[in-house]
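Each structure below appears as structure tokens.
Okay, so chain A shows up in both of these, paired with chain B first and chain C after.
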Partner chain A sequence: MLENFSFRTIVEYLPLFGQGLVTTVWLSVLAFAGALAVGIVLAAMNLQRGWLFRIPAKAYIDAVRATPLLAQLYFLYFGLPRLGIILPELVVGILALSLNSGAYVAEIIRAGILSIPRGQVEAGVASGMTYVQRMRFVILPQAFKVTIPPLLGQAIVLVKDSALLSLIAVAELTRAGQLLASDRFMPAEGFITIAAFYLLLYYGLKGLAALSGRWLGLAGVRT
Partner chain B sequence: MTLNLSKNGTGMIEFRGVNKWFGALNVLKDITLSVEPREVVVVCGPSGSGKSTLIRCINGLETIRDGDLVVDGQRLGDPATNMTRLRTEIGFVFQSFNLYPHKTALENVTLAPIHVRKIPRAEAEKAGRELLAKVGLADKVNAYPAQLSGGQQQRVAIARCLGMRPKIMLFDEPTSALDPEMISEVLDVMVAVAEEGMTMMVVTHEMGFARKVAQRVVFMDAGAIVESGTPDEFFSHPKTDRSRAFLSKILRH
Partner chain C sequence: MIWQQLQSLAGSYPLALRGLGMTVMLSLVSLVLGTLIGFGLGILRTGGNRLISGAIGAWVDLIRGTPFLVQIFLIFFILPELGVELDAFTAGIIALTNLAACFICEIVVAGIRSVPTGQVEAALASGLSRWQRMRQVVLPQAMRIVLPPLVGQYVLLIKDSSVVSAIGLTDLTRVGWLVVQRVPNGLLVFFLVGVGYFIVCYPLILLARRLEQRMGAAHGEVQI
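Now for the complex of A and B:
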């Protein structure tokens, strides 16, 4: 089988893979930034005592977690134009990833905030801090540190999920592999190459996680 | 309208017929107690008697169901009372320290003065260093709580309260979570604070401390104040069966 494996074709397509890789990286960065924003808002809503904000947040998170990302992507891709909202595929793709990943990020942040001992809140209350001050100076800095490892895990999931954007013709990494596969009828070359690139991205993020872990240790955070 | 009772010669902390329930459990029963400015009151009693709940009501960590609780002339639960502002006048020392683990000792002390009291950073840090020196931790200003012993953490926690220049200090079993050899270093700091004229309510069973600085010991059982008197009266001549039973248990050790 390997004698038929064409490294030459892969090399020939490297510029295309390179472009795809770059696109995957920056669209993932943007989508994850969006996911963080969505997640923070949802987590804040979900932590309210009153049901007015909590119920919609819970419903949203359940809906996202219960349905396939592909369905969500198509829902936006075909649904938005029917509402008269015409957006480029890339924007729709980033939006879908942000809205999807945001639901998971929200649960990670919520768990992080709830993991902070009650005594920390009371110490802030007793010293006359307002709710916002307690969040800003006491709770969020601690919650942030405990959420970094699971957030990086979610970032890895998001990078892999971005492969689905190839289905709405976003020229990212998987799309590059598909092009090679269909142009030259070489699916093995196309998909093994993109798998290698995803592996590369994975180790990059894992390295980042290790670095952040060392930084957490230095900052004297209890683990 | 805020009742300005302290100007009328009444207490810094005034409980008048205060009741509180946790569900069906009457945790505070008709509490009436007045603490004068500069007075040190020790609260003791068996576990579950409501001592912690009593002092947690004073800074609003718990809310009362009925009766009046007036602190520094302001009635709690009154719409005119700004609870957040009132809390800046009340230091609270927890049994489990509750230092901010992501902040150094100095940052723990200066956080609220800078952001709540709005004291300029340089000034707050100077005062913070002085306070840490006062509690014997001049060499630990840059240490994180995890790097400190329990006794050292509790002393930082006391300095953190003093940094707000409070009128009242409340201590909720401040030495109960400490190893025996660390208890005296914390009590020494509390004695020093008391001797400077701070109004204090201290939930503790440390009789040495009570005899040294307290003007009054209040004994609670099952949510009610059963007995109150000077430390000498209370420890040497307890008046009720319940206080005698309690004292015989803590004195045996």
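Now for the complex of A and C:
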């Protein structure tokens, strides 16, 4: 019953929640780094003129976007051992988050690069710049700017998605709530507390996205 | 060995169909309810009453700021403590509808705000009532902005419905989980689960893309 909502139990379990929060943060950071790597490679493949790289990249992005993360997570969790690859749950989880978010990051980066007006590229060509120089000095600095806010939006999604790792027994924040719910039969205390912690992360990242929009001089950025 | 597995998988075919049916059912019900409530919330939020729009904004932020899995657990485990009896299916529908309504509310607000104020002023000057302004002037123009992300949101909703398997609903993902306990070939089983979702989601993704192009073109923007 909610009238005997036990703050004492929450305080008692605070170290567990703290550990869960720390795990959620660092596994999200690692997964986001992985997603950036996957996304950059996919975006580069997707922007090629030839079909050899473009088609596989598009197929991958569409396949990821049309299926749920949970199914992808189980695909790796139950599927990798089949290939003789035995990894700890935590690693499987980070891998799944990276591969999933990577597809979305790829689209963000591609949109950023395509947002640079064609004339800029032509001006680069006319100034005698090579492809690498055009990328390095003309396109990427400008594209970088517009991709930061949506990338932070994707980071928010990733942190929330990481809750699903509790379903393959990774000891992150949601798992801590589940433990309190099942050990003491106090679901309210467990889940309201972790919801509060997730909100903390959410508002932190959202504030960062708003700030970055202001620093970069982008008007009316919403995440 | 692979033959045995395939045979065993073929035996799970009715279960898979039931799972797919559950996924479609969950998504469809919450999609319809979520759209109705989402539009209602969006219109209320832009309505000018500070208290109402503040309350809606705060609720939407709460929902956007927490993982869907946590929301499901909260609804499924805490509502009964408050004396509301509910089964997993109802809990799933409530959670999904609420999620959809909140995201659609944001989309509708963005759409309504995109309509130039001059349009509303002109409608006011023509003596249209509040409802008429919304119904005949603002919403039809807002739909251009609303429609592409709305369809995209439906895709997200179908995918999010997989999370309700965590409270024991036998949807497509749960079927995969059950089958993989008997047929130890996770790659094959979850590949097939993925195909099931792909068949439902991919047409919607294509539709969203098309709408985006058409609506963008209608705005006179240059397509790259």
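FYI, the second predicted complex is superposed on the first by the 215 of 223 C-alpha atoms of A that agree within 3 Å, B and C clash if a C-alpha of one lies under 4 Å from a C-alpha of the other, contacts with A are read in each partner's own complex, and residues count from 1 in each chain.
In the analysis below, a contact is a pair of C-beta atoms (placed from the backbone, for glycine too) under 8 Å apart; a residue touches a chain by one contact, two chains touch by 3 or more.
All values derive from a computational prediction rather than experimental measurement.
Look at A:167: by the touch rule set out above, it reaches chain C but stays clear of chain B.
Note on chain A: of its two partners chain C and chain B, the one contacting more of its residues is C.
Once the two complexes are overlaid on the shared chain, A:119 sits against chain B while remaining clear of chain C. Using the contact criterion defined above for the overlaid structures, shared-chain residue A:137 touches chain B, although it does not reach chain C.
Of the two partner chains placed around the shared chain by superposition, chain C is the only one that A:195 touches, whereas chain B remains out of contact. By the touch criterion stated above, A:215 is placed in contact with neither chain B nor chain C. Once the two complexes are laid over each other on the shared chain, residue contacts for A:127 go to chain B alone; chain C is not touched. On chain A, the surface touched by chain B in one complex and the surface touched by chain C in the other have residues 222 in common. Across the complex, chain C meets chain A through its residues 62, 64-71, 73-74, 77-78, 81-82, 110, 155, 158-163, 165-166, 172-173, 176-177, 180, 184-187, 189-191, 193-194, 197-198, 201-202, 205, 224.
Within the complex formed with chain B, the residues of chain A that make contact are 117, 119-120, 122-123, 125-130, 133, 137-138, 141-142, 145, 219-222. Within the complex, the chain A residues that touch chain C are 1-2, 62-63, 65-72, 74-75, 77-83, 114, 118, 160-164, 166-167, 174, 177-178, 181, 187-188, 191-192, 194-195, 198-199, 202-203, 206, 222. Chain B contributes residues 59-61, 84-85, 87-88, 90-92, 94, 96, 98-102, 111-112, 115-116, 144-147, 160-161, 164 to its touches with chain A in the complex.
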